[in-house]
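Report on one structure; see the data block that follows.
Every chain is named by a letter (A, B, C and D) in the order it is written, and numbering of its residues begins at 1.
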Amino acid sequence: MSYNTFGQMFRFTTWGESHGPALGVVVDGCPPGIAISPEVIQRDLDRRKPGQSRFTTQRREADEVKILSGVFEDERTDGLRTTGTPISLLIENTDQRSKDYGEIRDKYRPGHADFTYHQKYGLRDYRGGGRSSARETAARVAAGAVARLVIPEVRIRASLVQVGPHKIDYANFDWDQVDQNPFFCADAKAAAMWAEYLDGLRKSGDSVGAVIEVVAENVPVGWGAPIYGKLSADLASAMMSINAVKGVEIGAGMEAASLTGTANADQMRAGPDAPYFLSNSAGGILGGITNGDPVVVRFAVKPTSSILTPRQTVTTANEDTDIITKGRHDPCVGIRAVPIGEAMMAVTLADHFLRHRAQTGRPGGVGY
Amino acid sequence: MSYNTFGQMFRFTTWGESHGPALGVVVDGCPPGIAISPEVIQRDLDRRKPGQSRFTTQRREADEVKILSGVFEDERTDGLRTTGTPISLLIENTDQRSKDYGEIRDKYRPGHADFTYHQKYGLRDYRGGGRSSARETAARVAAGAVARLVIPEVRIRASLVQVGPHKIDYANFDWDQVDQNPFFCADAKAAAMWAEYLDGLRKSGDSVGAVIEVVAENVPVGWGAPIYGKLSADLASAMMSINAVKGVEIGAGMEAASLTGTANADQMRAGPDAPYFLSNSAGGILGGITNGDPVVVRFAVKPTSSILTPRQTVTTANEDTDIITKGRHDPCVGIRAVPIGEAMMAVTLADHFLRHRAQTGRPGGVGY
Amino acid sequence: MSYNTFGQMFRFTTWGESHGPALGVVVDGCPPGIAISPEVIQRDLDRRKPGQSRFTTQRREADEVKILSGVFEDERTDGLRTTGTPISLLIENTDQRSKDYGEIRDKYRPGHADFTYHQKYGLRDYRGGGRSSARETAARVAAGAVARLVIPEVRIRASLVQVGPHKIDYANFDWDQVDQNPFFCADAKAAAMWAEYLDGLRKSGDSVGAVIEVVAENVPVGWGAPIYGKLSADLASAMMSINAVKGVEIGAGMEAASLTGTANADQMRAGPDAPYFLSNSAGGILGGITNGDPVVVRFAVKPTSSILTPRQTVTTANEDTDIITKGRHDPCVGIRAVPIGEAMMAVTLADHFLRHRAQTGRPGGVGY
Amino acid sequence: MSYNTFGQMFRFTTWGESHGPALGVVVDGCPPGIAISPEVIQRDLDRRKPGQSRFTTQRREADEVKILSGVFEDERTDGLRTTGTPISLLIENTDQRSKDYGEIRDKYRPGHADFTYHQKYGLRDYRGGGRSSARETAARVAAGAVARLVIPEVRIRASLVQVGPHKIDYANFDWDQVDQNPFFCADAKAAAMWAEYLDGLRKSGDSVGAVIEVVAENVPVGWGAPIYGKLSADLASAMMSINAVKGVEIGAGMEAASLTGTANADQMRAGPDAPYFLSNSAGGILGGITNGDPVVVRFAVKPTSSILTPRQTVTTANEDTDIITKGRHDPCVGIRAVPIGEAMMAVTLADHFLRHRAQTGRPGGVGY
């Protein structure tokens, strides 16, 4: 029901602009008694942080998180724990360099939200895109780190699976590769190829889109809530809320359109304790509810709109002009979207875990 | 924030099962004073109604809507008008034929929600899928018909654009064709081909997926609410909540991944009154807010899971078995999803119209 | 977050007007597997039903409830059970007698919502007050009956404790008396006196207000959610949403203002299993969370605004006039508010039970 | 729908504990373009601030507010304006003195939320009550200051009208007196008497309750949303969410129970432009919707539970003990509740203004 809030039971509200003094998030509804620390949140933030390779923006932000509320260390217990009250997390902006962005005061950058924010609100914080900047995603990643603590048994990982027209080869897929290259890519070969491809693009002052695949393993049967709170619907909303995302797929995704019923519907067999599925076209979700298989989501990120190639645009006074978006930009924003996708998977699942527990009194499916 | 409710300001709650006595929807938050009639709602329901061609289920439902509340005809005014109070719409089920569905009491149908509902809730209404049946979409279409009345200046249309591997040719695209063939297809040639293709599939006891494209024209600049209430995010949730949907795209969609920044970002030129865009990769949405261009959404529907080909599955007692899903099923559920997609576009836009008006006091953008 | 919806996890949406064809409620979020029947809902509806004594309106309504969805009787189980999907309940209006209300088309009845609905919406269903009629409370009572099934261990009872200036004597308080007199009054002596008092008022064409006390026993420690979801805040909202209510008190209530700290704060002693309180000024709620003591709420209902004494008012054309509100009205609407207060207590507690279970995974407090 | 969030369209989320590093609030849904400054928020905070007279706690907090987001000063416009994005406000805690509160680690203070928080969450921040401390109200007052800017035409004022058994004399009521005495009391005579009365109480180590009356003038007709979003219901929730509040009244309030229909229902007369009411028993609200008269709300605050008189209680290990709550406490917390009541009136009205505007497209009633 809100604009800057996501989730129902595990809910978080983000705030802050690209060039304001700080940004942050308030996480509400987190269960009490969970061990937490700034370090565990920082770890996820560091993966999203800019400036970690030549393929991401050179803006320098420590993205150091402070926990301002919602945690307590009882002197008789072991370390910091959540108290069940709102967890306020704050990240200071330290490297704003406002002057880099002077020209965009008077011109709308194509592909950016400058025009629509200006039209909707009648004014806008034009410094670095203000609220529409991807800086906001730092706040989500912080919320996602808390969400992971709520569902520790669930393993959430993501990989870049496509850069421009170049897809990975799933035969090479190896989760261990993800942190071995600057692309969070599970296919080492593809990563090597992308490095070359992106170097070329960067030199030509251009950028390119990407696809990210997020997988959650060990999700219990039963999470998700028909009809308008289907897990698939909430995941679609979660991923589509990330800056620059234009498409979301669950399981077979858009490809499901091409399949026949015999090929698509995952057949079942009896297992020792419970039935299992012979395939996972469903992406782990049937009727909006998890079926015990890995939850698989992919989303497409459009190419960075800030490019060094001159583009036709208009001024805020509705006059024709051209613009070159200088500054420190990611040639492929999809790269840094990998940990963001993980975070959105984590918050969505944590929320549905709590919602499922509310209605049924159980953490997951009834089992056999 | 809810399970069976969609929307914030224009909100509706659906209820009802496939084989219960009735189904319905309560629309809350509708503005007062809008001329309404059962006929205008019936018109949309009739487009979704089963049994209209050999390509959809032969279940016979009149789907006749009754307005139970929220409207009033003052004897001094002209006809029925909304009063601003909840509009309750009811549709009776008349052709349930429960016996057709006996076998599914004890077996989980692959691709259906039987297993997940059973696991989540511990029991399920197995007659025709109960709540998970696409019968529910009649209620949404009714809500969508009301939503259209709230934003009469917006024109919402949809077309089937892919059946199985066969896509339409956009060069043939003609909205006037949509109601001239049983596929709601804007490309007459493609429709003719699909007819043959589906006849073959039907005979072989199989089914196939589809892609639907929904376009909203004349949407004012400014609708949509960052960050977690982006119009794109709400549309993704809206479409993904439809039965059998596995992918959602806005504008360039998944294809955006393959584009370069120079190709993707829509350039702008000064118009006589306001700027305009030279292309619409954005699908009418920038930063989650409408930019004045047509809002373009596509979604993929998986093939009907109920097929005559025997499939491996398990019993509710976790024993291996096979199942053939008899009964009256759509060989391509994507066909009837066309008016449903229109309805979900209508309710999402009506909601954002009201939300925009709340925050800004204006119906749309500031203009020039 | 809604207009015609109450609750977060146990949520219900009511619809319908006084003189429309029907009214109803959709209950969403109810746990699955709960034994339910039309009879158990009817029992509560019958207590609220008009025309049961000379002290309530003579409108004749059977108020017969139909369950349209959300329940299922598996042939292998025992009786009807909730399925976890929305429960739609419908009550037909049978005794509308529209002609009784002709005059109010053109005149605003003092104390009624005629003027404000007309101003807000620009039009109104003037027949019997339309949506603002206390007929709506039948729908809440139905929802309350479902809510009681969700928290069967909690005992919710209510008594009329004041009629006009005449309060009960708590020394005579006996719950067994409540169903022995037409006032739902736990003090038989007070009830006898009120009968005489109200007969006098009725003859003089006047009406009077009342206070209802609702008590929930056996509520576990821990329900309620700081800060803006305090159980006390939600109960205040619940009771204030009932027609004609002008004041709500928890525990000591308004009287708390007169108390000293030594008199007010309930002292504690160690019990065999857990601490207990020596008094209950708190009304069972501390910091918005239940403390294990009975939850005690009182609310004041203003006198029926529809009276036979002529009152000064204006026409819808803003001209002075007088009005006598004929028709079949309760001389003291507070009487029928007793089961309504119970229902609102039930729905609020059921909601907080589910919310507590979501966040903590436990039904109630940690215990000792 | 939330725990630490209030409102639907004008929504705010508070966070922070009594003895944490800071507390704050995120205001979401504020309209864009509103002139704002730290000073205008500080003004309201300063009125609530502790330590301003001998009748309030001597804790020293500057309560200095920082605006971290949601505002922007375009160099071409005049001063800071809201941008329509979330406004994050932060107040640092500077005078925590944790040692004052050592004893309460192991003992539950009667009348406080220590016991219930501990039971609900299994652990608690015992320093100064943690999240349950009235420190949280600073955040609401900050939100209230923003809300006032959203509805500048509405005048919201409050007065303490009762301290212990001593009520003001409404014949002496003079708004100009409110800021002339340490009690925010519109009756100078009563204020003088209370000073003496409270000095006595303070010396005896006791405390006392109070009643606050909040009045909003110049509220347009039409705000408020039936049925469960009645303005009266939301105001009841708003006031009951304030620490220590046990009763809420609208207009005639609990006294309405004693009135007859002839005395209670406010009669109407035709005015030059619109009808007006001859009295205001309704407190400006009919059917949950404003009628154009001042909105009048009263709420009762229980006596401060932290007193110097020894009280019986138990330890966290369920053993009998006594407690004296030392520290710096308000002898009558009701005094500082006056600006808090104003703030809650402001946020509730701002929210309903936006909600009304959403549904009707108008700021207020249709007029004549």
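Convention: a residue touches a chain if its C-beta (ideal position, glycine included) is under 8 Å from a C-beta of that chain, and two chains touch if they have at least 3 such contacts.
Owing to the predicted nature of the structure, the values given are computational and were not obtained by experimental measurement.
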| item | value |
| --- | --- |
| Pair from A-C, A-D or B-D with over half of its contact pairs in common with B-C | A-D |
| Chain copies touching (subunit A, subunit D) - same or different residues, decided at half shared | same |
| Inter-chain centre distance, subunit A versus subunit C - centres from mean C-alpha coordinates, in Å | 45 |
| Interchain centroid distance [CA atoms averaged], subunit A/subunit D, Å | 38 |
| Computed distance of Cα centres, subunit D from subunit C, in Å | 26 |
| Interface hub residues of subunit B, defined as touching at least two other chains | 1-5, 8, 14, 29, 32, 84-85, 120-122, 131, 226, 360 |
| Residue numbers on subunit A that touch subunit C, as the complex places them | 1, 8-9, 29-32, 84-85, 226, 354-355, 357-361, 363 |
| Subunit D residues within the subunit C interface of the complex | 1-6, 8, 14, 108, 110-113, 115-122, 131-132, 136, 162-165, 201, 206-211, 221-222, 224-230, 232-241, 243, 245-271, 274-275, 278, 281-283, 285-291, 298, 300-307, 309, 311-315, 318-320, 334, 356, 360, 365-368 |
| Subunit A residues touching subunit D - in the complex, by the definition given at the top | 1-5, 8, 11, 13-17, 20-24, 26, 28-29, 32-33, 66, 68-70, 72, 74-75, 77, 81, 83-88, 90, 105, 120-126, 130-131 |
